[in-house]
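Take a look at the structures below.
Paired with chain B in one complex and with chain C in the other, chain A is shared by the two complexes that follow.
Presenting the complex of A and B:
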């Protein structure tokens, strides 16, 4: 490659590189720096002190919150993937092309409204005197406490992730070569077994990426656990908020944020590696 | 003749308003190599898919070994298919692909592996057993696909244009592999293709389909030398088709007056009526060419229009005075004796026994 061509390519790449440096790499480095700052009399002072790391990593409630967030985000991602699968399967294999297009359009509509607004609408449905309990009352059940519970948190997460999971799964499965499914049937594979034997292996990449998205969105979400989960068991985003509020502990909040980032990096990296892993015997 | 392995009785298949197969009645014998040939949309693939249970007939009956198959699901049949796209599972190795059907049947792991390797060896691709199928060449994939179907030890193998993606040399080689396999195994092959050379090279019998109907069933030689009707005559190609009025018919020969001249044709089983319009064909390779007027009863004077050169065989395109087209096929080295060019005047002639009358006009 000639030098001139390099310069040309660089010119096109420059804006995105600058953007990333200024708005991503810079702030992250700054956040890392802040995690070593100290707070005296409610004011942050530059320093290089491991006190924040020692304090945060040494406290049980931080780790409780960490494992809880990891657990409930994973659970919610798994639930989203499971609920989405039959819907996506039907859209990909049973629905006409036209119906599929409409369904995807309708699934995008929720993203038109703010997620916060959609979360609040769950109040009406999940409250002690809400729609769902009223309906259950007719059949002699309830009332159940659904707001300010783990259930509420998961419902909130699903509000965010379920439409996305259905869209990603549908698009993935709609692209499967139907002949392969017929070939499996032809070789004696029963209809339900083809899902496990053929459909899932063929859509592996798309399914892992969809699950990863559901996890990332839930893991970093503040609204669902705060408003619907009632921050009973604080998730990490809530912990960050609490830490900054109580005594201006921005450095300690930075420690939590770095924990979150490292976790997401590790999980995203593993998931993508799994998603694109070559089949056995590939060269 | 033994009982047929497969019987189609008045089978129809519709997709909405489209009739893919109109009213098919066909017997397939055990151990025969049957080719179903036709252009795209003629219903040949639909016929094969009905045999595999991937489509259900709209009406009529399909029986395999006497059993009514209309509502038998694909996975409950013993009709492995080799697909045009091969349809190998990309997430499995060559051996796992071959094992797939056995696994579905509940054959245990060691036995599965043994039989898969045996078939891969038999197809001369044993060394690639643990390779991902995506890393194999077209010919190797083809062999994996065959092994995957044949490892099931079926009574009948279905093949849907399996060679259409291969290059010409490989096609010839795979034809040899297929015919030999079919002989060794003694099972029925039902082979769908649009390629005449593939069908004629391999099949014991050929079914020619046109717009959902069977146009002719016969040995490759029957179809080539004695096409039943105009469609087959045109489809098989390299035929001279002449149409005229019946002047006189005896049990031996029929005299037919065409615009290009009056010719003698072999009388078919039912004697044609005098005054009716009929057509006959003469294969292009059975027409002789000469510079002097020949003595043969069937002769016509014609002008060379162009030539088509395929390897050692040449097809000459000619036209008689009244505009009738003729095709003559001969060896290239024969043609060299004549020193012909576009516009050359020549004589064409053929034996009466080589003129075959068609059904209908």
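Presenting the complex of A and C:
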């Protein structure tokens, strides 16, 4: 490679770098910066002051919200993974290749269709006099209160994460070497034990990554806890929303956003380290 | 083995249940949009096109639709250009700091949208760029580029790298090779990327809501209606939104992704 400036190569590289620096790195770094700014007379002024950090970290409700968000997002990620597993198992091992392709094709669709409208639809389905309670009424059950509960929040999160969990798990398990499973069966391993001791360990990486994605999506979503959970216990995204939209307190919202990002980094880092760790005794 | 068949049936029904859960909100939204009840439930009310007439007569909705069209069209083009350039650089060159370069374009979707929304709002208003339609376009180009990059990179993977070199040997310049070899080869992936990035932009509401100011896109308009109370108009708007994004996603899949899945599985 000569030292000469390669104009062609730079054309494909430089504008992208500049664009992403200005419109991706810029906003994120600026958000960190404004967490130290101060607000006077409803105007944000450049400063280097820890007042926002002290105000937010010193308040009980911020930490309540922090632990609640962590709890409900982890719970919903775990539920999504558990519900998805039998379906993914069926699609990976029992379905024909053609059927599996169609299933994945269909499951990609909701991922790119309005989450907002789907949530609103759940709102109507889950309401006190809604569709689900009406159906349950025919068999003499209910009515149950499903809106403005943890259940509502989790249903909203699952709308977002379940298709993804099924897709990722299916693809992971479909890629397992079949001969290993047959070997286990031939050696007398029972079906459930085969799943537990062969299928799951072999798809560990994919499963952890899938769970991580479910967690990240739930952790950052404000629609489900707001509309279906009733935001009685506000999650961190709702806190950001409220703080930004009412009162122009962008610096304090930035503090919450940075708390969220640090938490996500820590969890993603741990998950990826676990996912790619070699099991004990493996070469 | 009858036990095995029974298990297959149970698992099949289970998969069906999951599909019902995933598609129920979409189907119900379509059904409710044609239902006369103010608060839809079962048994359904009468068939009615009232909600459609209402939204079609609403100039705010028309304005939002036009805004959405402009925003998703422009961000799709920008995002696909960004994605293509990155995919091509990654395919063709190896250079120092390639990892950070790729991270620069691939990372945005891993950051929760509400955080991107706050960051974009603060930064763009600092630059004096907030509150306009192109504020949303800029933000969406960053959010959608990784999807375009992934699809186009997959396509380039299938190309013989010698093909480009052959074009140079035959006397073509690098630019001519790009125009006559690379671009035609990538065309299906590019179309697919345009559809998918348009769909992502079309449905994105958090960032659009924060940076748009008074220029509402369709999802932002929905968000504001829903904040008030239950209004079945949302179902009618939802039908259009679903039809649009589903068309885009299915087109994207037909052009490229489904062929891709067939090849790899």
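Operating definition for what follows: the second predicted complex is superposed on the first by the 258 of 283 C-alpha atoms of A that agree within 3 Å, B and C clash if a C-alpha of one lies under 4 Å from a C-alpha of the other, contacts with A are read in each partner's own complex, and residues count from 1 in each chain.
Everything below uses one rule, namely that a contact is a pair of C-beta atoms (placed from the backbone, for glycine too) under 8 Å apart; a residue touches a chain by one contact, two chains touch by 3 or more.
None of these values were measured; they are calculated from a predicted model.
After superposition onto chain A, the partners chain B and chain C occupy separate space and fit alongside each other. Touch criterion met: A:260 reaches chain C, while chain B stays clear of it. Of the two partner chains placed by superposition, only chain B is touched by A:204; chain C is not. Superposing both complexes on chain A places the Cα centres of chain B and chain C at an angle of 90° as seen from the Cα centre of chain A, in steps of 10.
In the superposition on chain A, contact of A:275 is made with neither chain B nor chain C. Of the two partner chains placed by the overlay, only chain B lies in contact with A:177; chain C stays clear of it. In the superposed model, more residues of chain A are touched by C than by the other of chain B and chain C. In the superposed pair of complexes, A:190 makes contact with chain B only, with no contact to chain C. In the superposition on chain A, A:17 makes contact with chain C only, not with chain B. Between chain B and chain C, the shortest distance over C-alpha atoms in the superposed arrangement works out to 9 Å. For chain C in complex with chain A, the touching residues are 8, 11-12, 14-15, 18-19, 21-26, 28-29, 32, 39-43, 82, 85-86, 88-89, 92-93, 95, 101, 104-105, 107-108, 110-116, 118-124, 126, 138-139, 141-142, 174-175, 196, 199-200, 203, 205-206, 210, 219, 222-223, 226, 230, 234-235, 237-238, 241-242, 245-246, 248-250, 253, 257-258, 261-262, 265.
On chain A, the positions that touch chain B within their shared complex are 177, 179-180, 182-191, 193, 197-198, 201-202, 204, 278-283. Contact residues on chain B toward chain A in their complex (touch as defined above): 52, 54, 73-76, 79-81, 83, 85, 87, 89-94, 96, 100-101, 104-105, 130-132, 134-135, 148, 152.
Within the complex formed with chain C, the residues of chain A that make contact are 8-9, 12-13, 15-17, 19-21, 23-28, 30-31, 34, 83-84, 86-87, 89-91, 94, 97, 100-101, 103-110, 112-125, 127, 129-131, 134-135, 158-159, 162-163, 166, 174, 216, 219-222, 227, 237, 240-241, 244, 250, 253-254, 257, 260-261, 264, 268.
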